[in-house]
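Think of it as A, B and C in the order they're written, each chain with its own count starting at 1.
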Amino acid sequence: MPFTRISLNAGKSPEYLKAVSQSLYEALVESFEVPKNDNFQVFHQLQPGELVFDRDYLGGPRSDDFIHFHISTGKPRTREVKQRFYRRLVDRLKQSPGVRPGDVMVIIAESPYEDWSFASGICAATPEAVVS
Amino acid sequence: MPFTRISLNAGKSPEYLKAVSQSLYEALVESFEVPKNDNFQVFHQLQPGELVFDRDYLGGPRSDDFIHFHISTGKPRTREVKQRFYRRLVDRLKQSPGVRPGDVMVIIAESPYEDWSFASGICAATPEAVVS
Amino acid sequence: MPFTRISLNAGKSPEYLKAVSQSLYEALVESFEVPKNDNFQVFHQLQPGELVFDRDYLGGPRSDDFIHFHISTGKPRTREVKQRFYRRLVDRLKQSPGVRPGDVMVIIAESPYEDWSFASGICAATPEAVVS
């Protein structure tokens, strides 16, 4: 159910983006109670001047490899689950494609089930959404 | 009051985008309690590798014509209104520009009136906002 | 703690974007209870047909210089603070780079502290997040 908008400076290889995508997906499944194949992401690659961030505010130091994840979720999670996910995400990204933990920022935004429709005009909160 | 971010693969014609825009607007007015002319949208056209989605999770099958609507709203709506809107949206998009229902995904995100300013620094929750 | 997505038509100079960025940052610090250096923004520059807006709905008239600010916040603010911020933002933007107040639209979206991680997998709601 998460849908993630990923913002980072343009200039990375297709392999790099693919590794970011895969690490995010794995972290979500492993530590954020996300079912397999529930994978929806958009990358926003920024040109010079389009990505503005402080290098040191509450963390960092941040480099030009700064990545911002904006994750819309449907199911509420506990603070413990969120904390575990943040750690798992930076671990995964450090392994592949090799993002420094200080460069990873995350915001979660919750919308209840009824605010989601995965396809075909079916509200995710209705019984028919679970069938098939 | 809705503001919608629309994400889809790049490569469609200007006419296609215009039809998506118009069908969304009409579905909002017809079934989501949106006043006429309350029309604010941003299109995000993705390059190869930038739009990641599962072809079959909870719906689909999704094709390269997958479209994601992220709708920020001000007024709370009932589940019935949301459900009606999801159906109307896919109906409209099927008619024009001819999007398959399985390719349409929607997330709604609510922000209360006071979190909106339409113009000129006026908070949408203040009486002066209603005066034209 | 705010993170802002700024949408406007492409074609402005780097200096213009920089002035928008700076005016937003100053308005947030001056009137929205935001600490110094808490500065995170993404610009989305739209091509023809990608930015759809009504010229007169609840304000305006809006021109091709229309700018939309989508601000994710962590700390709740009162309606008075929000109202003050909206006014300060249009004042600042009018001064630099010279945006007409009618062209400025804002949406705020709140996510609680625990939904933020600024860096390194640390949840912003945990005590360690406050330790620099």
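Definition applied: a residue touches a chain if its C-beta (ideal position, glycine included) is under 8 Å from a C-beta of that chain, and two chains touch if they have at least 3 such contacts.
Every value quoted in this text rests on a predicted model; they were computed, and no experiment measured them.
Visitor: On C-alpha atoms alone, could you tell me the rotation angle mapping chain A onto chain B? Nearest 5 degrees is fine.
Guide: 120
Visitor: Does the chain A and chain C pair touch with the same residues on each side or with different residues, judged by whether over half of the numbers are shared?
Guide: different
Visitor: Using mean CA coordinates as chain centres, what's the chain A-chain C distance in Å?
Guide: 21
Visitor: Which positions in chain C are in touch with at least two other chains?
Guide: Within chain C, residues 44, 109 contact more than one other chain.
Visitor: How about chain B: which of its residues touch chain A in the complex?
Guide: Interface residues on the chain B side: 7, 44, 46-54, 56-60, 62, 68, 70, 79, 82-83, 86-91, 101-110.
Visitor: Would you pull the chain C residues touching chain A in the complex into a rising list?
Guide: 3, 14, 17-18, 21, 35, 37-45, 72, 109, 111, 114-126, 129, 132
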